[in-house]
Amino acid sequence: MELSSQIKTALADPDRKILLMTHIVLGYPSLETNRRVIEQMVANGVDLIEMQIPFSEPMADGPVIVKANQEAIERGITVRRCLDFAREMTATHAIPFLFMTYYNIIFKFGVEEFFREAKEIGIRGFIIPDLPPEEGEDFFAQSRRYGIAAILIYAPTSTPERMRELARYSRGFIYCAARKGVTGKQTDFDASFNDYMRTCRENTDLPLAVGFGISSKEDVDYLTGKADIAVIGTRTIKLVEEQGVAAVGPFIAGLR
Amino acid sequence: MELSSQIKTALADPDRKILLMTHIVLGYPSLETNRRVIEQMVANGVDLIEMQIPFSEPMADGPVIVKANQEAIERGITVRRCLDFAREMTATHAIPFLFMTYYNIIFKFGVEEFFREAKEIGIRGFIIPDLPPEEGEDFFAQSRRYGIAAILIYAPTSTPERMRELARYSRGFIYCAARKGVTGKQTDFDASFNDYMRTCRENTDLPLAVGFGISSKEDVDYLTGKADIAVIGTRTIKLVEEQGVAAVGPFIAGLR
Amino acid sequence: MNKPGYYGEWGGAFIPEVLYQTFCELNEAFQKAKADPAFWQEYLSLMSTYSCRPTPLTHAENLSRHFGGAQIFIKREDLNHTGAHKANNVMGQGLLVKRMGKTRVIAETGAGQHGVATATMAAKFGFACTIYMGEEDVQRQRPNVFWMEKLGSTVVPVTSGSKTLKDAINEAFRDWVTRMDDTHYVMGTVCGPHPFPEMVAWFQSIIGREACGQIKQQFGRQPSRVYACVGGGSNAMGIFQGFLDNPAVELVGVEAGGKGLDSGMHASRLAAKDGSPGVAQGYKTMFLQNSDGQMMDTHSVAAGLDYVGVSPILTDLWQQKRVRFSAATDAEVMAALDLTMKKEGIIPALESAHAFVQAFKEAGEMGRDEAIIINMSGRGDKDIFTIAHAFNDPSWKEFIKKKGIEYGA
Amino acid sequence: MNKPGYYGEWGGAFIPEVLYQTFCELNEAFQKAKADPAFWQEYLSLMSTYSCRPTPLTHAENLSRHFGGAQIFIKREDLNHTGAHKANNVMGQGLLVKRMGKTRVIAETGAGQHGVATATMAAKFGFACTIYMGEEDVQRQRPNVFWMEKLGSTVVPVTSGSKTLKDAINEAFRDWVTRMDDTHYVMGTVCGPHPFPEMVAWFQSIIGREACGQIKQQFGRQPSRVYACVGGGSNAMGIFQGFLDNPAVELVGVEAGGKGLDSGMHASRLAAKDGSPGVAQGYKTMFLQNSDGQMMDTHSVAAGLDYVGVSPILTDLWQQKRVRFSAATDAEVMAALDLTMKKEGIIPALESAHAFVQAFKEAGEMGRDEAIIINMSGRGDKDIFTIAHAFNDPSWKEFIKKKGIEYGA
């Protein structure tokens, strides 16, 4: 099933008014920890997981994820090991897995080669924060060819025209950055946020994921009805750092 | 008697083929030491003594005399105390005493006042290394008026014309700087020095004193017949510093 | 035809969506300014009354005689206000910021020259200013940090990544994506997403325009070769533009050879074999990266050349063989610096000294009737801590030791 | 009529006999050069290709607005090669030395700017060079000492007297009387025995000639007042000469007020009551001396103003009431420096900041349709150790401490 249809189907379940997507930095602190964290996430009801392939220049990320990228690389993570690990995850868990990374990782690997292998692994979508449609001709062509969703990002600075333009390229869902800035900081959910979400909704038929600064049940509750997917990023990385892997399950369970 | 006649008379003595002039920095290391040094100098046959009134900017002096000037000032020497001390010396000893200093000391005191008091004290001449005849109109007028010899300096760079010009202003004797440079360094007595002395002699009728770097009996012997006065400057200052006052008498006695 | 913002296959604008609108506005404002002759006039007048433009072209007679070949001319960007060519770019962007009505500027800096220039421009135009600087560069270029702060700017040491220029650029982008409404990011070199390469090259073209006229006037005709150091490439692009359309003038870019091209400790993206195409910091060019696309640590005694990427415009000109690239090692740089000081009384910045190295290697083999120009991108004063250290100067060390003790060491 | 070399009752040439011939030759060479239009042309061409002349006149719009009175213009001698007006004098004397066929130069230096400028000129002209510098100034201006040495000069710390500028001058004379045949003494300011005041004033007049034309062009007419700091007085004489014959332009010299004119710790020969006529260092002027004629210790945060004497030409103009004198204290200087950096992005040398102090005191009370010019004699980079210390900058101290420990403190 196409990712967007799959998401819409899932949302049709009256117990699932909003889906949860979590974020993992591969190799941080280790693939073994990633494995156990993912296990708990899936067991506790996460609907999608985006796995970030570390890059040395994570321009759009905040300090927690920047540090995670850097340490993962220092500890020896490679693109090869990320792909192998992903293959294992998709084989183990039934939920959709996505890759999040910066364009250079894919460019350097070879765009087509990367799509071919991702397809084989069963990856469902790509989130590439530094690849606007204007620069991604080859990328978007391969995305369509291999049927892997290229998930584009809406920002609070995007105009309606721009949103419609982005929607033309996006597949699966739209990732709405909840606010300006990088990942990891708290977002104020206020009237202007509601206007923003309304504009997002008006300018695409795709499901909407909302990320940047979502960290609690209150946040998720607030988003319910406005967005289709709540994205938990930095919060679980910090949780593992501070309280260990075992804290992840109860945290996820308590979100919805 | 005019200073130059007095010098010529002294030189007429067959035992005195050359006169000795010594140099004292007033107040260095103390007036009391100056007093005892002068006593020994006179007792051992020094013919003239130039007493330097310290100045903070002794531009034409070398390191030993510079330091002596500076320390004398730091220890509280004043122009007043120099004058009083000079009065005591001229009263105590029969030889001619001269003042050596820089022009500012006299200028600041008042040129006429300075001459008046020097006359009263019985000072016989002034040596002012930074006062060329061009700048000393007032000074040379007072010098003639008070009958205190203005002793000018010949340098190895002086042309015969310049020497004759200087001789017009000079009284008492001419102070021939034995070489270029400042006081205190050894002078090479070589052929060019002899030429220089000959030129000096040809361009004045005044007696010739030679200073800068004269420190031994050999030097004095060498000068005998060429010059009329050998000037011992830095050497006795160092002697007192290194061996104390008592060394001065034997040193002077051994020079001639 | 090329996509806008591309030079051959290089360049582009790989920017996060949140900046899309900002870049639209920036492109529009810049293209309008570029098309408006009054803007360039305003720029020239600012540069001639606030900085010292035109900067002189100095005939280095002693060095020319020393090498016995080409007549060596030095384009004196060191005489700009703040001591480097960086002023050209920064003052130009300042005028643009004023036009756009923004009130705050941010910048990355490596050697600190671009930071000082931006802080200066911000003071002059009354903008708030934050400068991002790799922590390692904060150490290497402390005097510049002090001046930026005294000029009223906030300097933020960047502790991520290799703690040098590339990380400062990332951090500046992270600031920008948070505050694009009132803030302009004053990119310091001909890199980054379109329109920065075009914009910085345009402002820096003032160097080449002047040099082209000056050499004609002083030497009677065009030079055989023009040398410039290449960090991001802005001073090189600046002077090269005066000669690009004359194929008889050979253009030579000199990169940081660090401890040698085989040592892995250098910053030669084009002269060494270690560079490969990549996309980072918002643009596509040749980067020093590993096979996974992770950027490598670079090394140079000159903080301003210590960078993984290089101008997409230069990469294109290199690919077209219009610009020849070479590298100078740290050791060669110190020797060239020493010679230049002693022979000409001129103190190049460590960055600039790279260009001198290559010119010195070639001058002797050229004819005395030929001329070459070295672009002296900046003055070496800022490098006193590095240079005194490199020369192992005992009285400098003694002085610093005493001062250190005075401050409680 | 006046004696040659006299300005009213001031000036003259109180030199040891051994230098008489040297001065004859110098006078002759100088007068010949001065009468030869080709010499001035050669000088202009050197200054425009080796240094950055004409230096700009900058309209300080922010400061003007801040004080709400006169339009403040800044003459940018800081943009000269080596960072101060000292270059003008030194390059001029360099040309003269070449004409005289001498092969070695010596100089005194206080702030170190004249030393660096002379070392630079010596490198450029291929002369041997020895610089005398008071030991206290060697400490205060270490970076400049480092550069002089790297430029190939020998720096001799002078330990006699107060170990500052005046003692360096004495020591330079002691060198000169030893080696006048091959050596020229490059006096750094408009002081010393004739012809130095005339010569230095002549070379520095380039500042005023430019400024006079520039203000007319930029402001439409002449300024109401012109401010310059006065150490020896060379930068002041330089700019004043552009306006001396226009009695409508008030000329203001600013001396070092140090810790206050009543503190005894200053270097104000004319603005304070402490100065009196004297003869030292080869010329007659107003000196800071005691009643015996011994020169006093002076004090200023700015090494270049820390001097007991002052130009005989300025003393004459002061006596004639053509130049008004005031003083700026160390504390006022730091405040003016801070304001100028933050408002205009310009970093004056500590010396130059004295002129800014007085201009700032007066600008607000003048009309907006009036203009004033401040002569910015040099840039503040050289003063980083003093300025960072005076501002008590904690991260600078931390940096120096760490470096000190690295060097074994």
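In order of appearance the chains are A, B, C and D, and numbering begins at 1 in each one.
FYI, a residue touches a chain if its C-beta (ideal position, glycine included) is under 8 Å from a C-beta of that chain, and two chains touch if they have at least 3 such contacts.
Everything quoted here is computed from the prediction, not taken from an experiment.
Using the average of C-alpha coordinates as each chain's centre, A ends up farthest from subunit B. The centroid of the Cα atoms in subunit A and the matching centroid in subunit B are 97 Å apart. Each chain gets one centre point, the mean of its Cα atoms, and the points for subunit C and subunit D are 33 Å apart.
If you average the CA atoms of subunit B and of subunit C, the two centres end up 66 Å from each other. In subunit A, no residue touches at least two other chains. Those residues of subunit C in touch with two or more other chains do not exist in this structure.
Every pair of chains in contact is given here: A-C, B-D, C-D. The residues of subunit B lying in touch with subunit D in their complex are 54-63, 66-67, 70, 73, 78-79, 102-105, 107-109, 129-132, 134-135, 152-159, 162, 166, 177, 180-182. The part of subunit C that touches subunit A in the complex is made up of residues 3, 12-22, 160-161, 166, 170, 173-174, 177-180, 276-282, 287, 289, 291-295. Subunit C contributes residues 48-52, 55-59, 62, 76, 79-81, 83, 119-124, 126, 139, 142-143, 145-147, 149-152, 218, 338, 341-347, 381-382, 384-385, 387-388, 391, 393, 395-405, 407-409 to its touches with subunit D in the complex.
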